[in-house]
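Presented sequentially are two complexes of chain A, the first with chain B as partner and the second with chain C.
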Partner chain A sequence: MKNIVLILAILVGLALASSAGTISGQVSGVAGQSVVYVDTISGKTFPAPAQHPVIDQKGLVFQPHVTAVQVGTTVDFLNSDSVAHNVFWTSIGGNKKLNHNLGTWPKGDRKSFKFDTPGAVPILCNVHPEMSAYLVVVPTPYFATSDQAGNYKIENVPDGSYTVIAWHEGAKNQSKPVSVSSDTKADFTLSK
Partner chain B sequence: MKKQECGSEGVLASAPSKGRMKSWSIMSSSITSMKALMAILVLLSPLAGQAVRNKEIPVTAVKGESWISHLHKRFSDTSMGKTYHSGPVAPMPGEKSSSGQEKLSLDFAARTMAVHGADVYRLNCRGCHEESGHGTPPEINSVIDPVRATSPEVIMARMKKAGMSMTRANATLLAKQSNTALLDRFHKGGQDMPPFPQLSEPEIRALLAYLRQLAGVPGAEKEQVAINESPAHIGEQIVRSTCHICHNAVGPNPTPEQILDGSIPPLSTLTTRTSLPEFVRKVTAGNPISMGVTAMPFRGRMPVFDYLSEDEVANAYLYLTLYPPQE
Partner chain C sequence: MLKRHQITVLLFSIVMLALFASMPTPVAGGANPGYQIYAIPAFSRQYGTSCSTCHVDFPKLNDFGKAFKDAGFKFPKDDETFIKIPPVMLGSPAQKELWPHTIWPGTIPGLPPIGLRFNTFFQVVGRNRNNFNLQTPGDPTAPFIPRTDFQSGLFSIFMAGNFGDDIAFWVDDDISVGGASAGGLGDGYLKFVNIGRHLKLPTDSLSLRIGQFELDLPFSQARSWNLSGWDIYDQGNVSSVNSILGLPTVSNSFSMSNAAQGVEFSGGHTYRGYHYSLAIVNQNTSGGAAATGNNVPPEVAYTSDSNFKDIYARLSYRFNLERDPASRNEVQAAGASGPRDHTYLNLGTLYFYGRSVQRFQGQDNAGLATVLTAREPFYRVGGDFSFNYHTFNLFGQYLYGRDQNLLPLLPVGFPPPPTGLLRGSPASFSGGFLEADYLPLPWLMTIMRWDAVHSTADLINGIGATPDKDIGSFVSPFRATRNRFTPGVQFLIHANIKASFEYQIRPQQIVYDPTAGTALTGAFRTNSAIAGLEFVY
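So, the complex of A and B:
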């Protein structure tokens, strides 16, 4: 009996492993990095990741310029410059009520913030108006940030039908239905 | 021009050396006239002490190693103190140097000066951040954006231009934070920027008002105020904020050979090494320096501080005499 359970478990495991694929493709029509993600899957929730991605301020530039995180993630904001920096945003996903000012702090300190609402967050520094970055808070763990040429690859997506969305700063989001079975292609063309 | 300065008029009028003071320009290298000058300075010293208006902080001697020594930087590896990027070039040996500044007044050591924020900037900040405030990035950052960040109006205009909205309350909060960060920098310095304990609160306020004007904050030109300052404190600002960036306070006088190798003479030997007129000319217009194994006159590395008046530079000499540099 025990053996049967074990065999079943292995079979289920294999079945699960084989049913996960990837979504890859290219975002064109815009220059620079984009974010592509699987939209909310009804009836599914995902635990917030424990890892804290870092957005640094170094050489009077936010690094990286584009970051994508799953909703519920805590992001650490660093200041690696010898001058004071500030971090604030005026909205999350266009909702102005979610504006926040994280503070102004000197080198070495870090401030953290947990992002519980999905949407794009334009990150700014009040001290240096030319500095900007984008944090894209997405509803699922299935997302990817593209390279500068727009190529992206989302790993470990279970087979199924999803709405996939492409985001780019200043452009209109584009969404399309994608049926994932093993390695699936999805290209996007965005316009500003 | 005479000014009523705690009885200074009497001292000046009766000074036996008045005739000699007039002939400063032609007695630059004579040791005897140097001694006469020192005598004048000593005569004037109690006066300079009394003229201190800036009561919050007493004038104190310049101390310790230069800021670039503190940072373990060589003069050749830093943009600090190199106003010659934007200023005139020192004359070659044999060339005549001329300063565009007003000539030294006879009573420079007895005159209080009305100092505006623009002057505080000139005496303390311009040596590194340059006239425009842009500095020489990436080593020396621009002051413009951090100053603009202290204005709620500028912040709101910026957000509006970017198509985002912000309430005045939020903009004011951001502006306050930026203001605190800026004041903190003046008081504590940064990693590469020295602190400025020699500046009083009224001076910092005047400086901030000028910085806002320099950074194009609307209405800032109406905020400008003047502060009366003693000659010694004018000199203190130049020496501690500008000269001390590169010159150590004390130390052995380098030989011409060591100067060629990059040594910078200390401030402590300045008043015995050079006469007041020589010093004023060297700082405001440039003067060749002796360098090399067989000492030869060279243009030298020191920038020409043509934005300092002869009186201000003479005040630096006075300050170095009255408050000898310390270890």
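So, the complex of A and C:
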């Protein structure tokens, strides 16, 4: 009896281990960070995370420059500078009707906004036009931001077939079908 | 989507442009834009930020730019967190503990904070442009004024920054002022910001500036964004020619826009609250440097022509009209769509006192030759205002000038030259300007301006005047009051490249026969259309 239970436990463990994998690879053709994510999965919805990512304004620079969040996430915008800043965006995913301006707030304060629409959001400051950042709102919790060399790794992706998309500032998105089983490689080459 | 009032102003701008393009031949001309404009690209490089952080339409400063300048060309707070090119240490801060047994440590900018500026102009003048040559018919040397002209422009270098410990500096020089002409030093000074802290005075209540600088005018002529300067700031005071001397008895070329050499104490801020300045500067009647002093080292030209030092004082107060008290205390107001300039009303006054000098050939009671020195006290007094609401700025200046007038004394029976001087009627002038600037878009500024100068002496002196006087002297004015209307528009192609257009509806003029005194023309206007293109980097 004990042996049967042990065998069953091992079989369940093996089954669980083999049902989630990773997608990793490199985004080339462009310099700097990219975002790679699994596109919408038909029939599946995912609860938005409770944690609020923070985009800071410090030293006249948005930090970080690229942030990826799951749709439905609330993002906090912090002003750590002793000068007045502003946060606005002209569109979400190219939809100009979704433009928004958060206004101005003093040092140490933050304003929040919930992003319910997937797409890339160019974050700007209207008093310091050289400042910019990108917020990439993705439809699933399976995404990753690459390093400066373009290397990325998406963890805990359930086995299955998906469409994976690579995004980079100023470049055309590239998508490709990926079948995930354990560790899966997917490289992208983007162009402007 | 533009709002209605923005559309209205944009249409006005288009009409102005159409006016420039389709104007029937404007009459006469000869205006030389020549005014210098300074925005500091070195600061853009140093802080990695756009020109528009400090400028609304360079070089016009926004509230943050004024605060930056007041702070000694650095960010008003936490400067070290913003600077991208770290300064070079000339000594560790810990060295301060060793002083006086070491040199007090300071810093220099990490890269030379150099900005370069070039601008070029295009001018259109009309059929009356050669009217002034009627005074010298048949003279082949009379000046030729072309109908249109691409002017060779100005090229200048400027540097400004901070040496640490609140010591700011500024140097600018015109390398070229057109053609083969070389310019000269503009401003060159050190400013010890907030030295009042050593005397336990309130913060920013006392600063000291030393060197050559433009007086602390309510609106800077040297750093004006207009293609032509404000006329009242260039007005000197010259009386009519005296028949005994053959010279005007008041010949004061001092104008408010002259560069001054001396020291200036100042305090407060230009972006909020009170602001004052008190300057002690050279007295210079001719406006230029005197001859080289060959016998007294250093053998350089002297700017002073008198032992007397002039005094300039200015006081202003800015009433912040923002409703939100938190916004009032910040450098910029917190707008719904981002930071913006405050809504404010600034009121100010200025006073300048000097004593001009003229030296004439005279004789004593024994008939021996002597030098008669006319020391004529003069003053300039004025009031100014500036109202700002979002991107609309209405401002103006009134100025009154008065010079004592000493006349030659020639007793009955004495042949010239005179034996002394006696007080006559003072020479005076007045005038000012009113200007409205509006930016319907961040890259587009529309300007409407009115200048007026009233000077009876200029009217009298203009009769029989020669046509080759300096620009701005308004040769042969038709009336004692010269009114000028100047609409303009400026486009920022990039934050550091600007195209400007200005149409000057100038005062009426007339040409007289210099010997007979009869009129050779009817009244006409010397209107000018000027286009400028400039870049800074």
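Here, the second predicted complex is superposed on the first by the 176 of 192 C-alpha atoms of A that agree within 3 Å, B and C clash if a C-alpha of one lies under 4 Å from a C-alpha of the other, contacts with A are read in each partner's own complex, and residues count from 1 in each chain.
Assume a residue touches a chain if its C-beta (ideal position, glycine included) is under 8 Å from a C-beta of that chain, and two chains touch if they have at least 3 such contacts.
Bear in mind that the values here come from a model prediction, so they are computed numbers and not experimental data.
The superposed arrangement places chain B and chain C in clashing positions on chain A. In the superposed model, A:Pro122 lies in contact with chain B only, and not with chain C. In the superposition on chain A, A:Gly59 contacts both chain B and chain C. In the superposition on chain A, A:Thr90 contacts chain B only, with no contact to chain C. Contact with both chain B and chain C is seen for A:Thr104 once the two complexes are overlaid on the shared chain.
Within the superposed arrangement, the part of chain C that overlaps chain B, taken from 128-136, 146-154, 236-244 or 272-280, is 272-280. On chain A, the surface touched by chain B in one complex and the surface touched by chain C in the other have residues 59-60, 82-84, 86, 88, 101, 103-104, 106, 126-130 in common. Interface residues of chain C facing chain A in the complex, by the touch rule stated above, are 47-50, 52-53, 64, 75-78, 81-82, 84, 326, 330-332, 334-340, 495. Put simply, chain A touches chain C in their complex at residues 58-61, 81-86, 88, 101, 103-106, 125-130. The residues of chain B lying in touch with chain A in their complex are 137-138, 141, 145-146, 148-149, 155, 158-159, 164-166, 170, 173-175, 177-178, 180-182, 184-185, 190-192. Per the touch definition, chain A reaches chain B in the complex via residues 59-60, 82-84, 86, 88, 90-91, 96, 99, 101, 103-104, 106-107, 122, 126-130.
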